[in-house]
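Here it is: the structure, laid out below.
Labels run A, B, C and D following the written order; every chain starts at residue 1.
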Amino acid sequence: MAKTIAILTGGGDCPGLNAVIRGVVRAAVLQRGWRVLGIEDGFDGLVEGPRVRELDLAAISGILPRGGTILGTSNRGNPFAYPVKIGTETKLTDVSSRVLENFRKIGADALVAVGGDGTLKIARRLNDLGLPVVGVPKTIDNDLRGTDVTFGYNTAVGVVTEALDRLHTTAESHHRVMVVEVMGRDAGWIALESGIAGSADVILIPEIPFDIQRVCDAIARRRDGGNRFSIVVASEGAFPLGGGKTIQLSAEKNLGVERLGGIGRFVAAQIEGCLDMEVRVVVLGHVQRGGSPSPFDRILSSRFGVKAVELIEQGAFGKMVALQGRSVIAVDIDEAVGNLNLVDPHGELIRTAEALGIMTGR
Amino acid sequence: MAKTIAILTGGGDCPGLNAVIRGVVRAAVLQRGWRVLGIEDGFDGLVEGPRVRELDLAAISGILPRGGTILGTSNRGNPFAYPVKIGTETKLTDVSSRVLENFRKIGADALVAVGGDGTLKIARRLNDLGLPVVGVPKTIDNDLRGTDVTFGYNTAVGVVTEALDRLHTTAESHHRVMVVEVMGRDAGWIALESGIAGSADVILIPEIPFDIQRVCDAIARRRDGGNRFSIVVASEGAFPLGGGKTIQLSAEKNLGVERLGGIGRFVAAQIEGCLDMEVRVVVLGHVQRGGSPSPFDRILSSRFGVKAVELIEQGAFGKMVALQGRSVIAVDIDEAVGNLNLVDPHGELIRTAEALGIMTGR
Amino acid sequence: MAKTIAILTGGGDCPGLNAVIRGVVRAAVLQRGWRVLGIEDGFDGLVEGPRVRELDLAAISGILPRGGTILGTSNRGNPFAYPVKIGTETKLTDVSSRVLENFRKIGADALVAVGGDGTLKIARRLNDLGLPVVGVPKTIDNDLRGTDVTFGYNTAVGVVTEALDRLHTTAESHHRVMVVEVMGRDAGWIALESGIAGSADVILIPEIPFDIQRVCDAIARRRDGGNRFSIVVASEGAFPLGGGKTIQLSAEKNLGVERLGGIGRFVAAQIEGCLDMEVRVVVLGHVQRGGSPSPFDRILSSRFGVKAVELIEQGAFGKMVALQGRSVIAVDIDEAVGNLNLVDPHGELIRTAEALGIMTGR
Amino acid sequence: MAKTIAILTGGGDCPGLNAVIRGVVRAAVLQRGWRVLGIEDGFDGLVEGPRVRELDLAAISGILPRGGTILGTSNRGNPFAYPVKIGTETKLTDVSSRVLENFRKIGADALVAVGGDGTLKIARRLNDLGLPVVGVPKTIDNDLRGTDVTFGYNTAVGVVTEALDRLHTTAESHHRVMVVEVMGRDAGWIALESGIAGSADVILIPEIPFDIQRVCDAIARRRDGGNRFSIVVASEGAFPLGGGKTIQLSAEKNLGVERLGGIGRFVAAQIEGCLDMEVRVVVLGHVQRGGSPSPFDRILSSRFGVKAVELIEQGAFGKMVALQGRSVIAVDIDEAVGNLNLVDPHGELIRTAEALGIMTGR
């Protein structure tokens, strides 16, 4: 009997989502003769509706190099705490039984859940409730455990590095400091790797609260040594020693003229305060999440998609695909969720950055 | 007798400056056997010092694809109003005689001045005072008259368009508005052309004061028509109807936590005010000025450099090289300076944008 | 009464075709409330079938940055000499009456024909026969008259320049010659402009039959002067002095192991014959025709599409859109067809190349 | 006492060589106060001369994003079999004692040898003879053992993938086959990974001798299924079943009009022989070896350079830096040399390709 599987993508955007979908469909439909159903807008499409469409070979034609996800995604759709309107109020309600019912309704034998920490936690709970799930890890910030790296991250590092390359040539013409704010709420991987690749002078990450005085001193030393400019890369989640994460959070929640404006502007203002130099800010924002995935991310995504179908074939539910060394393997979803994969403040990568002469905020 | 010519680059950075320098050196040294002297940091290198170095073929090896300028540049260096410290005060002083003297000292027969409105005005005055000058127009914003286009602009449009391409794929996943702040203090060319190339939904330029209510209405119509996202591109010099340019200026001068933060954040806050949608801001800043010049800019810069040497050979001083149609020609520097090349609010390009369905703020 | 217009794309691929189609549809459907019909595979879709599909706003969503053409194209489809099978033979037959009949059948009021010399000639003849046509010029080689430049060309120059940039860094490590074969059957624009932008040492174009001995001498001089490498860019239509175009044509028609292999390999073999240096060949082929159009090409294509609809509105049939200086205007199709826009062997661009020290085969 | 170390780069070009050099210099000079000497043109600079120059911080300024190697390289320079002219004959002679002597002469305490199989073998023999060596693995083809991946490879895959992306849009317009010849003498990694990333239809690699009839059948099936085009990626070292590697070798050695022309043209001719379709060939050649290293390669190279200095500090001679999983570690040079890292014809990556529907020649 032909199998039917379903797939959904959850959480924020990430280059490579379409490549995962394509890998799943090709491995299922083309190689095995199964059917694949695409669930729209993450778990929302199973809570509501169900909103589902057939993913045949035509549906995935040409999507490999495209950013975004043809299935849509959702940040809010946690079926165990779903915003339900009761009268005029909205209350977070457990609607997981509706998800299970809808899943039966669409007639699928298993679900591929592509997403980050939140999506994978939900997937595991649904798996415990009897909905057979295989996970595919996704995080642009590279902060998931259990896998050496996730797709999308390589693309994001590429976007930031290109911006840093451009800043290098223009920064030279005046005594000037450039502050580049990049993604990374909890983990500083993007700032750290793109900072190394793009030859930043200062890298500020959430894992190492920064001492602004030392940052200013480092920039001053560069200037006094004849360097015309300095480039600072700051994770959006970086924060000053003693400052706590409030700065970043307040910026996050309240976008507006009277309010803070992100760590980039904060650091810029601090540097202008302690040094008499022009400071300019670049905020790359969602540019880092979009666009065609890099070849690395396309390959990894394709391998993840193909492997997910293999795991379903083997009945390895509750598992998640992962890259370890050169191999794509299966790990328990539990290994990935709960704890984040953070930069080790004393690990090889930070030490490499410091050996290269990069100031890391301490 | 072998000729000696000097060259300087003034004003802000612009991809293609090195290609102009290379064109001048190759046409002068290689083709004519002349000497070329490079003046450092714009007119500063003639007020001070003189700070000058020989530009032989080795000095320009490999610089064609490099952003920035090997000669450095200066924004402040107006010899007719030069900041001179007298006691504890700094006073703007006419030091043009020092420039003329230093120019005689270095023994050059003519000067190639590469720069924007400011640099070219100075060049023309110096030419009137007997220093033989040929101008090469430069403006990343494309706001100089007398030439169809200047180098650097094509590269900048490319940077913004790539960012817009990336935003398109990621914007789709949520109901969301993206505001991208781009260069263009007085002229909206970069916003307009990259907005067309990158399929923006709204383009706000200094030449058309925008009606924020109409902007919100346009975005609401898109949302109600089923579009998940809208992309707004705003020149840094754009301003609201009745608002005046004060918004932008105050942001410009005073970077700091408590203050405004540029037109991008202003527009974002306004849209959040009138629509219940998430708004995200991207500020590309100096990323637009840097990096390797596009092929178009490399060719135009090379042609400009070669033509400048031809003009010197012909004794056509007080002239500036320019592109008109397919030809690089000479025009009077006077034609370029004084009045800006602005977007015609009723011209073909704006009408094309509107025919494509782009909202232009009115 | 609402107007209905049709559009077709003919000839070889060219980045920007989709942008033209989108410009036509947006200006017609969105701005004017007209209908647009897309004819498939160039004139073939009017000879056969007719094969036609509605182009509404959904049909063109997202196509601006995509290479190729959603309508397909045809190289053979000349309705005045169409290959018709009669018995076992294929005979070129005038089937233009069928085109006129099919055009009436689909109920369109006018046709936008996007194509090169061949397509535009057919368009003009059909216009003379009473089918109201507006032309949009297209040629990757930039060899059409009547317009300063056509879309696609800028993208192609970009592809070649990027390849030349890459070759520069790797060529340096050994005494070696790199020969890069690029597009340009009759006109050398791509070789010439990308050669200038990518700092080629030798540029060979169809307009200047090359003297292989002088080419070898130039490379030898470079080597003896301490340069480790030389880069030769050759148009596919370049040919040696006295050699005639036979070399290139025989390569063109008959691809196979025993046969020639294109001008790139020919030049490489010749250089290996006269100099004791390693020679390597790069053949970029159709890579130059594909991929996302550059911002320049997207804007130009969009303007062309919008202008074509304006011309139909004005009843300006038999005209073609064109770029002259900064303006998109209308010219008679006659101005574009028949004679090619070739590189002037004594014009400013070649002289610029030579002033930069580039050897041009003579 | 301050240490002095030397560094050389051997073998073919590879993006990231400069980043390794920079990593070594920064870690040695900046962090440890050592001196670094750069040996020119691989081992040649130790056989001759010695040709050596000081690598201080200024010498490596700005080289991180640059392709090639500032030190030059050599393919021939095996000191154990060095071409020495004796009378009119050239004889391969063991000149290793001269290398040891010259190394003593320049006063270095240890050598960092960056190179592939050949360079590393030499390095290990010299280490056995008492010259303290640390190796850094380099191979554009990714065919070295002992490390998960080497720098340069990611960049090469990027170049090929971009070309394939371009071909996709243009291939669609006619019934046509595109054959792309890529690097990979012995190992098919570049063809395989870029083929997956660029959505090739057929991938031919040296590890799987191809059956041309099956290749033709696969293309015919695609055509009959309505696909307008097929893209074939072939490693330069791919060869037909029963054919042996002679085809490729004869093409390699003898470039010329009358001769073969590489596997690309061979495959194209074969396909034209069995199918009535147009076939076009793209030969990317050295474009794959050049240009700015990708962020991935810049980071890996920097880590390798920093780690090499650490190994010297620890006295871990005869070792080579390597990436395993997420860590840069040390392995014996012996682990890397002698046997190649080939694609496993039954491994996960090939199976992924086949699951995606790619034909692999068998």
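We adopt the following convention: contacts are C-beta pairs under 8 Å (C-beta built on N, C-alpha and C of every residue); 3 or more make two chains touch, one makes a residue touch a chain.
Just so you know, these numbers come straight off a predicted model, no measurement behind them.
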- Query: Repeat of C-D among A-D, B-C or A-B, where over half of the residue-numbered contact pairs coincide, is which pair?
  - Reply: A-B
- Averaged-CA centre spacing for the pair chain B and chain A, given as whole angstrom: 35
- Note on the structure: dist(centroid_CA(chain B), centroid_CA(chain C)) in Å evaluates to 31
- How many Å are there between the centre of chain B and the centre of chain D, using C-alpha atoms for each centre? 41
- Task: Mind pulling the residue numbers of chain A that touch at least two other chains?
- Result: 165, 168, 292
- Is the way these chains touch best called a line, a ring, a star, complete, or other? ring
- Note on the structure: Pairwise, the chains that touch are A-B, A-D, B-C, C-D
- Could you pull out which chain A residues touch chain B in their complex? 12-13, 15, 66-69, 72-73, 75, 159, 162-163, 165-174, 178, 255-257, 260-261, 265-266, 268-269, 272, 279-292
- Once bound in the complex, which stretches of chain D touch chain A? 22-23, 26-27, 30-31, 62, 64-65, 148-149, 154, 157-158, 161, 165, 168, 193-194, 196-199, 292, 294-296, 298-299, 302-303, 306-307, 309, 324-328, 348-349, 351-352, 354-357
